[in-house]
Amino acid sequence: MKHDRGNSLVQTPWSLSAVRKEGERRFSELEWPGPSDEMWRRTDVSGIDFESFRPDSSAVQTDLPERGKFELESFYTGSGEKNLSGDAVSTLISHAAESRDRVEAFHYSRINNGFTLRIPSGVHIEEPMVLHFTGGDPGTHEALFGHILAEENSSARVYIILEDADGSETLRTAGFHFEVGRGSSVKAAAIQDLSLKSKHFGFHSAAIDKDGQFTFSEIDLGAALSVSAPVFSTLGEGAQVDITGLYAAAGAQHKNLRPVQRHAEPYGSSNSLYKGALLPGGRTIFQGLIRVEPGAIRTDAYLSNKNLLLEDGARADSIPSLQILNNDVRCTHGSTTGKLNPEQVFYLQSRGFSSDEAKRMLLWSFYDDALGKLPELVAESVRERLLRHPIFSAGDG
Amino acid sequence: MADWKPAVKEDGFRNSTRVKIDGKPFALFRLEDGIYALDDICSHEYSRLSEGEIWDGEVYCPKHGSRFDIRSGQVRSFPAMVPVNSYPVRVEDGTVYIDMEAAK
Amino acid sequence: MADTPNVGIEDYRFGFNFPDSSVYTTGKGLSEEVVRQISRQKEEPEWMLNYRLRALEAFRRKAMPNWGADLKAINFDEIVYYARPTDKQSRSWEELPESIRETYDRIGIPEAERKFLAGVGAQYDSEVVYHNLKKELEAKGVIFSDPESAVREHPEIVRKYFGTVVPYGDNKFAALNSAVWSGGSFIYVPKGVTVDIPLQAYFRINLENFGQFERTLIIADEGSFVHYIEGCTAPVYTTDSLHSAVVEIIALPGARVRYSTIQNWSTDVYNLVTKRAVAHENATVEWVDGNIGSKRTMKYPSVYLMGEGAHGEVLSIAFAGNGQEQDTGGKMVHMASNTTSTITSKSISKASGIASYRGLLKVAPGLNNVKSRVVCDALLLNDESATNTYPYMEIESDDVSIEHEARVSRIGEDQLFYLQSRGFDEDEASGLIVNGFLDPLVKQLPMEYAVELNRLIELEMEGSVG
């Protein structure tokens, strides 16, 4: 993995427009995805007029520890082009060029907000860095990028929150790209809590170098339609990835989560747990993939998806896949789908709890292990958001 | 209270055709004893029955060959397992009408 | 016995050698005329000819599947779709290559079966066995015949069920089979009848048994039981490159059907099969499917659980050797409450072989108490071996318990070391471990098959390590 150790504030004029141009070029090569594309068969985007969402964004709100130890540059339309590091720009350009479908290419062609963050080698930052994006006006499209580079033997915590105005309908596309250097450790979280009418498409990625550790939490609660396609690649021996996905789908919410754990180098390990609860009318599709390339010997990879159907009328599709091209590996995946245990509900009711209260307690207990894997600050925020989500609040008053 | 809406001209098709009324797709079939209307969505995987072969009063879904009775919508072979809806049809003054009340 | 030969599966490439004059063949390629000739040869009624012709149309219209194993090399124009010997063949056992005779020895196939497989006479022995069985079955009202006879002698039953589980429009290869089908089995078991011994295809001496386009239809009436076994572990030698069979099973309320297949096609065969069963109330269908050999296999035995209390099971073993692709799995469709299903798939990939699991578990909306468990285990023997797992779970009811697990592993060095320290050489040790891996499934087979399969695996394992 190359590190452009030169001046991180390399002057590359019009750097973001180079990314947008690449996105446009790729966009013109592709068609909008349809039901014959395996990844889009269950998620129909043909009714969405992407281009009708006018681009708009707003400045990020940050909560950062003392400056000086790291370098954060943020940018959004309206405040003029800023100069970004050559690293960030070239990473974004290659992602744009490799867009897997037209939606992703569209995202790159419209980049209008984002940030780059560099943790220098040997620097360890304990306090979390929180970035809060609230998007533009109702009816607009914010295309967000983030480039987070943790150099050798550094560590940091980066939590990103996506929200918009209550009741508004916006289009949010976002791609946060993490580069975890040798021996460094990054704990990250991406919380999507948009209004229940909005649409969200995520294209995050992480490349973890030798002995690097990456812990990622993906929280998908909001939006009428949300598609998230993060790719986690281990690029060096001893790289470790741990992913927790937590989602909830109430009536008229459709979520499609398709994480990829990709092992290209030996002795890597990855472990992911995705858990979601659904109410009637909710629809979720989990299409996670573990891919092990030839030569990635001694890979240890695990993937698990668990769905809780709270009542009849919800639909959870689970398609965890394996593509294993090397035999000296340990790879397993598991999936369970079911409902609340009626005996447990009855037991709680017999102890004086109402049916609703009993169900809520059991729902917390379902999410408990996933919540336990989240960094404390993130877990707190997620608990609050879950309480406000129809999955907990439906049936109130 | 029936709600007859015009679908197509009686001589506007040969053996089968697809029409959309108020956004809902119907498959119309002409058999020896009259014209019949079904949902134009196979109950298995949603392909168009209006494009299927017709033999002996049955239509064969073009995707996987499931058979449906044209007159009643009853399913006659796998992989479909659920019947499709059948709708009352009337022909008047050279136009075919479908009862949209039944479609609710 | 002489030194055991080192015979690889790759050595089984020999075919039927009929002198031209005694074979009727429709020649290469497929056309309406070919289909008409086939129907004429079988003296079929009009309705079956019409069915074949419509299927031919569907075959021409349909596209090749855009998923699964690589089928690009199939050349439909080069295939002979129908050939049958018009005279009884008489060859001698001694005419067979020595290596083949010795392999049969090693696998331990019974005398009568060997001779049949070798295309050698000895009809007498097998015919006698078959005749006795036939009398017993007739007494119970069981019909067990080839499908051609069933079309002629039992048209009411055939017309009621034929093509209702797998319609000719289902996929390109089902359409092909529906147009040119020949041979296979027809079984009808009356209400409440239990058929004690497994019915096997080779009981009926008919060279079309191992044909390319078998069509099998099994109807188990209420409360009955039958176990049908297709194929055998000995390599099936054939000059044909495409095997496209269709199996339809209807298990009426309370019936139980078990269908076992151990297939070991030669390594140039494309084995593409549509196998589907319908289980009504309280009925059970079990597919036991062993796939070894062939260049490409695509097979997904399915059970549609239509009535309460129905149960479906798929036990699948796949062995993909060098250059082979096994794309197999199972489908369970739950359409009623209180139904259960299990799919257990074990695959082994050796050298550059690829074994993929592809399965579907579907639960319709509004059901109660549905349970399903899917377990896929893949064993990769060498560096270049590969496996893919694509399980599709589409769950639309909440009162369900659905579990799916997949594991990929290789032969552990410690296990190998332990066995070697006990005096086994590397090949033998690996063979033992692989047999252990397969054991839970092999236990479900009738004993002779289990024994043959174990020996076959050992053979395959030779030279596979290091």
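The letters A, B and C name the chains in turn, as written, and every chain counts its residues from 1.
Just so we're on the same page, contacts are C-beta pairs under 8 Å (C-beta built on N, C-alpha and C of every residue); 3 or more make two chains touch, one makes a residue touch a chain.
Every value quoted in this text rests on a predicted model; they were computed, and no experiment measured them.
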Practice task
Decide which interface, B-C or A-C, involves more C-beta pairs in contact, and give its chain pair.
Solution key: A-C
Problem - Central chain of the complex, centres being mean CA coordinates - result: C
Exercise for the section: State, to the nearest whole Å, the distance from the C-alpha centre of chain A to the C-alpha centre of chain C. Expected result: 44
Fill in the blank from the handout: chain B to chain C, mean C-alpha position gap in Å, rounds to 39
Handout entry: Complex interface listing, chain C residues touching chain A
Key = 67, 349, 365-366, 378, 380-410
Completion exercise
Within the complex, chain C is touched by chain B residues 53, 55, 60-67, 76-79, 81
Handout entry: Residue ranges of chain A touching chain C (in the complex, touch as defined)
Key = 38, 294, 307, 309-339
Exercise for the section: Using the touch rule from the top, collect the residues of chain C that touch chain B in their complex. Expected result: 54, 58, 163-171, 174, 276, 278, 304, 306, 333, 335
